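Quick heads-up: structures coming right below.
Two complexes, one shared chain (subunit A), two partners (subunit B, subunit C).
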Partner chain A sequence: MTTEQSRTRSAGRPRGGQSRDGAAEAASSRGPRRPPRARVLRSTQWAAWGFLAPVVVYLGLFYAYPLYRNVDLSIRSYTVTSFVSGNAPFTGFANYRSIFASSTFAPALLNTAIFVFVSIGFQFAIGLALAVFFHRNFRLSGLLRALFLVPWLLPLLVSASTWSWMLNSDSGIVNAFLQALGLSQINWLTSPTWSLTAVLIANIWIGIPFNLVIMYSGLQSIPGDVFEAAAIDGASGWQRFWRITFPLLRPVSAITLLLGFVYTLKVFDIIWIMTKGGPATSSTTLAIWSYQLSFGSLLPDFSSAAAVGNVLIIIAVIFALVYVRARHRLEAT
Partner chain B sequence: MKRRAWWLTAIGVLVTAVMLFPVYWMVNVSLTQTSNMRKSPPNLIPIDGTLTGYTVVLRQQLPYLGTSLLIGIGTVLLTLLLAAPAGYSLAKLRPRGGGVVNLLLLVAQMIPAIVMAMGFYAIYIKLGLLDSAAGLILADSTIAVPFGVLIFSAFMSRIPDELLQAARIDGAGPLRTFGSIVLPVSRNGIITVSLFAFLWAWSDFLFANTLDNGGSLEPITLGIYAYIGNNNQQWNAIMATAVVASIPAAVLLVMAQRYVAAGVTSGAVKD
Partner chain C sequence: MTVHASRKARAVCAALLTFGTVAAAAVGCSSSGSSAAASSSASGGGTYTFWDPYPQYNNTSDWAKLIESCGTKAGVTVKRTGFDTTALTTQALLAAQQGKAPDILLVDNPVVSTLAKAGALTTTATNGLATGSVAQNILGAGVIDGSTYGVPIGANTLALYYNPKILAQAHVDPASITDWASLTAALAKVKAIGKTGITFSGINTEEGSFQFLPWFWGAGANLTNLDSSQAVAALTLWTTWLKDGYAPNSVIQDTQTTAWQEFQTGNVAFAENGTWQKAGAAAMGAKVIEIPAENGGAAPVPTGGEFFTIPVQKDTSRYATSVKIVSCLSATSNIVKTDNTLNYIAPTKAGQQAQLSGDSSLSDWVSAVGVAKARTGDNLGTKYPVISQQMWTAVQKAESGAATPAAALAAAQSAATAALNK
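Presenting the complex of A and B:
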């Protein structure tokens, strides 16, 4: 995988690059035949950066600057009018202190943790099970696997509104089904006990295809004779999965889980459409809270919203670093 | 072997049917009469169905669909323009500091859209870019560009070096090599990135709702949201809009399923 390679390369890159260039320069001063080579090296660097420059400028203008504005928002006291007038007093960490002290903070953090880990757990387990199933290559398996992509390709808004209606208390098909089984109806979206479960169901449904596709291609990259050898040695299907398939899938699993974590932490559309984070704070995650404070409110408090957003980024970065470290340790052993 | 595996196919069909039930339900509800909407239990198939939902869509939602198409195409063009050269550079030209750029592209994907939206809002309100197509295209492209660069560099690193060397020996400069060799052989990469960029721009709700809300240029996601938000009980019209909004996804799936799978996996799996 290229991104991985280049990431590991990046660690040793600057020094390696310099020494190589230094060697070329030293060589160029030594013999008359060397200068053209050095010039070629330098001109390919120019070309390389010429092709790369637009994206670097873009990252600066459309990532770094909005991010900087966001940090700036979070350490000042902004209102809608201060965007226009430019008057926003500097308040330091006051916004952060106030969100940590807020009664919404603890439930939002807890809901975010539950939402992320339960989502990923189910998506991954179901995705992996389906990948192993589809790997048996029966008739129609290709077509069915393609159909499995549908939930993931639909606009989130479409999936969320469909689930809203399916989980409707009085007219939803899910409650009709429960009642047909003799169970009582559940107020999926309007009761504080169930709202988080409701958005979890929808989110797990949306995430299964992604996990299925990645784990399936991970399975395909395992050479078939590994399984054959195990079968000849008399390993049962269950043993083959836990002793061979699963350990061999570890690198792919790790990246799938990390991507799942990063995506799930950001989830906004589904929860906002289905419950708006409610009732009360029962399905409010940090992303939802940030939106509620800013655009979702009649009296937007952009500064607190930005502070919540930054907390979210810090959590994502911490987990990514933990992942990178764990990976390095794995590679070292 | 094939004959014994019929029960696998049977299980597969069953599992897929369960998975796709919500999609079926969306279509079913879109065809249901308003008077049958609150019926208990609901009709499982659209008996005495109606197309009222769809006529409402055609009457009210066409401008939204047009906007989404415009935003989608704009985002695709901007993404390709930025991502293809960068992917080539990172894959083949080994720029000094390229690893850092790669890392930044990964970190960029971790920033929640809500944070980006607030940043963009603060900037756009000053520049007067709120409620403009250009503003929304720029914002939507931030979802696709980092991904696009990573995909392009994955695809382009498979181009044999001999091919590029041959071009250089024939006297082609870097730009010429890129235009007449790298781009044509990277067709699959271009398709993959375009598909995803279009789909993400088409599906975007958060940027549209924060940066483009209330103007005359609203995309289809806001069209649906307005229906739901108004406490509109016309669920057949809502679901009909949802069905229409899903068309690009369906087209993508039929026309380019292997590219979709390639796009998902090229970021995560070693080949």
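Presenting the complex of A and C:
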């Protein structure tokens, strides 16, 4: 027996065992051998795998498999007949070629880019401005901050329907207001020039609370003495914002922007309720197009819809990788 | 055993148990699924399943009671489930995929061709359902490549409701509206007295196509040729109405329900809407005329309404009982009662006569249904949804001014051709 084994044995011995029952201890040292180290290790590994298994199964069932199915769906010709017979012929990249060649692809991609970047830009800027404003803690600031959270608390169906009513061409309150100011009526939801702007306005309004909450908590974590020191050194309000607040908020900003990006990229409900992607394709984003292809007509085209969905996933992954790289660089510095 | 070892063993057991539960749940799901399928397809079972798109009717409704009594007559119990109409197509496809299709499926008529193409439905030649007395134009939606896949429960269609008070103020005689020119002239007179001319649903969904079809067909256009000069004429009519302010801009987004709500405000002279608004129209004193064709006469209108279908079962001996239940439900006395409740027109001459003898105001609707056409007819079948999607896109483009009617329809035709040849 090696010293190693005896050490293992003594480590496994219950504390105070000898004092309680010396005979039992003697019997145990003579009795069946303790498991060798390799076996102990193996059981430790099993335990580790046992703990991992539920997560792995969960990830496999609910993430990897649907993703695999989506990719598989996009490289087959999956018609309603395949739905029942299960027979969907392999077509390679034909679905991707057809969506890239479709006259809807270019406007959908452009609309998606405009919708995402303009939404995030405004949501972030307004959210940050409000966070800085509320950071000063004045009377009733808590109440006001709570009011700003209302858009977040409302179901999207309610918000989008309300915006849809307010922006109605003939009887909406927004146009009534414009006309009272002597301006002409704008066909917010029914004009190809304005429909994307209309859904953008609604989406920005809905997204501000999310940015406000995260940036506000980010601001809380900046120690107050940094600001005090800067104030003593004679830094102006702008200087304090650009040289202290903004740089120290960078990690929080990065994650807010990434989450905002992913959330906005997949926005469907607001646009669908307000314009259904129309008129024509003027407010059709990739998410809307994917839905239209699979569920928008009486004859579902699941394969093309899956291809559009995969394009969306790839875009999201690219930006997530950019974020990870930027973060690494930030940590390195 | 040591404390450490026993703790590890417990942990492993717990983890494996968790894993086992997940796996067992997964297996349990699939095994319970297959046993349900087995029981539903077991022959001679006393329970037959029936799916319909009328979730508004609960088990105490006349509709549910009628189904129950037809089941009893056929010697079985019928288990009815009402789905939302859009959910029903997906439900039917999923059920067919898993071999758990209902015995009888009542489904919206344009969906029949989709389900038939999927191989989910039996033909009347296979299941033995009689179609003899059903009007051919209404039956058309259930005929694909020469085979019939069901019988209609009834039909609804579109017509032109008008507000007599507004027409009187504008000095328009509804009888003078016989073609597009006289209708447009009437709209101009209505606008002159400060009222809105007409509302319809020009939305970018199937509803938009459904509403556009009377004008499209009324110009003599054909769905296989979306960019014909007749089609351009029809779309130009709609866009001119919008441009000239005869129709409100909101029609681009209006569903048939919201368009109807605008008409109900009492400020709109005409509304293109369906049979189902009959009761609401009577309440507000609105009357109805047939939609005029471009050069006079009634325009062909699309048929709406559901079809009784018998989905494919593993146990084909079940079809005979399903046919008995459907035949009972579509027997003249029963179908007239049902169609009156649903605001539908009966699909048979006998049924229509019975409805007319009870309510003579239905005569306009009976004649409208008489000239109605199935959207999936002309042997279009599953080509229709592809064409329809391009058609409503073109309508949207032209209405919103994104393209001229001719350019929008030309783009629609090439997109439809590309999609059909894919």
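We adopt the following convention: the second predicted complex is superposed on the first by the 278 of 333 C-alpha atoms of A that agree within 3 Å, B and C clash if a C-alpha of one lies under 4 Å from a C-alpha of the other, contacts with A are read in each partner's own complex, and residues count from 1 in each chain.
Note that contacts are C-beta pairs under 8 Å (C-beta built on N, C-alpha and C of every residue); 3 or more make two chains touch, one makes a residue touch a chain.
What you see is a predicted model; the values in this text were computed from it and never measured.
**Q** A:A287 in the overlay: touching subunit B, subunit C, both, or neither? Say first, second, both or neither.
**A** first
**Q** Mind working out whether A:P192 is in touch with subunit B, subunit C, both or neither, as first, second, both or neither?
**A** second
**Q** Based on the superposed arrangement, let me know which partner A:A47 touches: subunit B (first), subunit C (second), both, or neither?
**A** A:A47 sits against subunit B and subunit C alike.
**Q** In the overlay, work out which of subunit B or subunit C sits against more residues of subunit A.
**A** B
**Q** Look at A:S169 in the shared chain and tell me whether it touches subunit B only, subunit C only, both, or neither; answer first, second, both or neither.
**A** So A:S169 only meets subunit C here.
**Q** Who does A:P151 touch here: subunit B (first), subunit C (second), both, or neither?
**A** Only subunit B; A:P151 stays clear of subunit C.
**Q** If we overlay the two complexes on their shared chain A, which of subunit B and subunit C does A:S221 touch? Say first, second, both or neither.
**A** A:S221 sits against subunit B, while subunit C stays out of touch.
**Q** Could you say whether A:V213 touches subunit B, subunit C, both of them, or neither, answering first, second, both or neither?
**A** first
**Q** Could you give the residue numbers on subunit A that contact subunit B in one complex and subunit C in the other?
**A** Shared contact residues on subunit A: 13-14, 44, 47, 49-51, 54, 58, 83-84, 170-171, 295.
**Q** Show which residues of subunit A lie in contact with subunit C when the two form their complex.
**A** Touch residues, subunit A against subunit C: 12-14, 35, 43-44, 46-47, 49-51, 53-54, 57-58, 61, 79-81, 83-86, 98, 102-103, 168-171, 187, 189-192, 275-282, 295-299.
**Q** Along subunit C, where are the residues that touch subunit A in the complex?
**A** So the residues of subunit C in touch with subunit A come to 2-5, 8-9, 11-12, 14-16, 18-19, 22-23, 26, 89-90, 93, 96-97, 110-111, 114-115, 117-120, 203-206, 248-250, 252-253, 382, 384-386, 388-389, 393, 396-397, 399-403, 408, 411, 415, 418, 422.
**Q** Tell me, which parts of subunit A touch subunit B in their complex?
**A** Touch residues, subunit A against subunit B: 1-4, 6-7, 9-11, 13-14, 17, 21, 44-45, 47-52, 54-56, 58-59, 62-63, 65-70, 73, 83-84, 130, 133-134, 136, 138-141, 144, 146-151, 153-159, 161-166, 170-171, 173, 176, 179-180, 205, 208, 210, 213-214, 217-218, 221, 251-252, 255-256, 259, 262, 265-266, 268-269, 273, 287, 290-291, 294-295, 302, 305-306, 309-310, 312-313, 316-317, 320.
**Q** Hey, which residues of subunit B end up touching subunit A in the complex?
**A** Interface residues on the subunit B side: 2, 5-6, 8-9, 11-13, 15-16, 19-20, 22-23, 25-26, 29, 37-42, 81-83, 85-86, 88-91, 93-123, 125-126, 138, 141-142, 145, 149-150, 153-154, 157, 174, 178, 199, 202-203, 205-206, 209-210, 221, 224-225, 228, 235, 238-239, 242, 245-246, 249-250, 252-253, 257, 260-261, 264-271.
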